[in-house]
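The structure that follows is given in the form of structure tokens.
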Amino acid sequence: MGADLNTEVGNRIRQRRALVKMDQAALASRLDVPVSVVQGWESGSGAQPLDLTGLADVATALSTSIADLVPAPEDDLTDGVRLQLPDEDSSIVGSRGGVDYYVYRCLVRSPSVPMLIPLVVDVLVDDRERAEFNGGHAGHEFIYVMEGSVHMQWGDEAAPKTADLPTGASIYISPYVSHTFTALDGRNARLLAVNF
Amino acid sequence: MGADLNTEVGNRIRQRRALVKMDQAALASRLDVPVSVVQGWESGSGAQPLDLTGLADVATALSTSIADLVPAPEDDLTDGVRLQLPDEDSSIVGSRGGVDYYVYRCLVRSPSVPMLIPLVVDVLVDDRERAEFNGGHAGHEFIYVMEGSVHMQWGDEAAPKTADLPTGASIYISPYVSHTFTALDGRNARLLAVNF
Amino acid sequence: MGADLNTEVGNRIRQRRALVKMDQAALASRLDVPVSVVQGWESGSGAQPLDLTGLADVATALSTSIADLVPAPEDDLTDGVRLQLPDEDSSIVGSRGGVDYYVYRCLVRSPSVPMLIPLVVDVLVDDRERAEFNGGHAGHEFIYVMEGSVHMQWGDEAAPKTADLPTGASIYISPYVSHTFTALDGRNARLLAVNF
Amino acid sequence: MGADLNTEVGNRIRQRRALVKMDQAALASRLDVPVSVVQGWESGSGAQPLDLTGLADVATALSTSIADLVPAPEDDLTDGVRLQLPDEDSSIVGSRGGVDYYVYRCLVRSPSVPMLIPLVVDVLVDDRERAEFNGGHAGHEFIYVMEGSVHMQWGDEAAPKTADLPTGASIYISPYVSHTFTALDGRNARLLAVNF
């Protein structure tokens, strides 16, 4: 572990231990380690570093989860804002069933708000017989049709709801609703998709 | 109150009353009304309708808030999805200091997800001396520069952070961070802004 | 509505309307009322009071729920604390199937923390054949056996889990887990139950 | 890491990576490791185990936090319930300023609900001049006076609010409100304190 991470984890172990009214000796006894090891963890000395399994054991002994003992996400914002210029976007081709289906361009993200995943999505396929549903995902989704037109299908794959949507249409999709888009009018379409 | 609303509020009063182990007579006594009035509320008969002040009194007597006694938002989704076509968008001109500053085009919204407020924003002003900060607002904001370029200012109005952002740039803005946009290059710019 | 409630609801309508970029005229038009009525609501004048049905309509027009437009619970705390003396406790007898089963003594509550419902429960029945399950309820529950001993049954009523618990035993029950207690050893038992 | 933990963390890395539309090669490139290492993590093979620093780097590369990539707390409940018998309680003496002040007896806890920390607290000190405030803590607190009487002080230590509370009194304390108890009437007092 890096020094800061050691220190932060050590502080969180100490605070949780105090909250559940356990002293260092009692925690050491539960984990079958010398009390000096617990002291080392809490001081963040790094002399006897905790790996993930060790941290899972500490969490169980303190009636909590690993997530409660690790640092909050790092803030990478500048006065509350994060910017991304177009040449910083990364792209990836999404294939389904061996066919290049979507190109995703990844827009600004931040560990401070991990549920925000904004994408520009180019829809490459216009054969709706080949549409593959995505199975849905956690989180809400907002979509705006930036260019072209799309055919949207959603819900039960065997008997989906459908809609044709022109440039400028906007869509809200609930968590875990499976959906798919294909292009209309013989040309690619472009969506802006914001997962949140 | 409409019949359904009466019934729903009545059910919620009954459930909360049972949860806090109060009988109808005790609730009536606290509110200084006949027990038949409490029975009427809970049955949703509408014979002695509750106005907001009355409901506030019931909420206080049951150690809760009005919000706990009124229905959840109506679901206006179709299998988890809501669509809005461009000709259904409403528009409004936002003026600041007597100058038309932004045109907002309001995209899809739903009471099921009230924090989602997506807008297409045309930025009409290019004189950054006239930029007026918005003071920030609750909720996160994602912005994508759809057309043109913008000058963004944010944070402390007396000494703001600034950035020039071309088409394709994307931005995350934390809750309550004051910000403003002006157009660059002598022509209007267009943003897609998603509050969530 | 009382004056303060009028004002608070009016402020919340104005703020929500601004957030969704709707002007007073647009809201009035959607609701088919004169714009002066909207102005009256927002000023909290009480000249044209909103009842619950009216407020539900306003909420729908603003893509939100009634709960978003009514005040937060009143704070009845003194520097963050609320006390209740024993002679302020109210009591109620809980009957199941025509038998007096529990006596509930209601301890301190506050609208600031409506999920907190602490009770002293006297268990009057010792015939476990007559035990009636409560069906479970929202919220977590912590129980401490203050006096006597109890037989606890929980889960599937047809084939419940069971345990005999002496004075000093402590129990955590998850939300919506149905459960019931009967006294052991031929005398009443007393529980402290904290729903949270 | 244990095999199960390896597998769980691997699955979570794969799911997050798919969500942010990054392929294994892109993640490997960002972290400057061979793609085979990323494959090893995701398969949970444990061949190249992740320590906490490594996991922090993976989290940053995927715009999230460590907590998002580690397992949820283990469920130690039996059909939604956890019991603790009195002889399983652990005890600890809490000292303040070199004086034994409280004896804490720790009641049932569960990683499934880590905010629940119930305690029986024996109050050993009756000299209110020696009362030491605890500084407050995260989480709500409910207290019931089981035996004896207590003098409670809370809020601003220099000018605290005070109350004398007999057996049977109940108290709600908001998060981060500093408080202290001393015994009254020349004998120890006993509290049941439920942090939640």
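Annotations
Order of writing sets the chain letters: A, B, C and D. Residues in each chain are counted from 1.
The rule we apply is simple: a contact is a pair of C-beta atoms (placed from the backbone, for glycine too) under 8 Å apart; a residue touches a chain by one contact, two chains touch by 3 or more.
These numbers were taken from a predicted model, which means no experiment stands behind them.
Ranked by distance of CA centroids from chain A, the top chain is C. For this pair, chain A with chain D, the centres built from the Cα atoms lie 24 Å apart.
Computed centre separation for the pair chain A/chain C is 34 angstrom, with centres defined by C-alpha atoms. In chain A, the residues that touch at least two other chains are 109-110.
If touching chains are joined by edges, the resulting network of the protein chains shown is one closed cycle, each chain touching exactly two neighbours. Across the interface of their complex, chain B is touched by residues 77-86, 89, 107-110, 112-113, 116, 118, 140, 142, 144, 146, 152, 154-156, 161, 163, 165-174, 176-177, 179, 192, 194, 196 of chain A. Listed in rising order, the residues of chain B touching chain C in the complex are 1-2, 5, 9, 19-23, 26, 49-53, 55-56, 59-60, 63-68, 70-74, 90, 92, 94, 104, 106, 109-111, 114, 117, 119, 137, 195.
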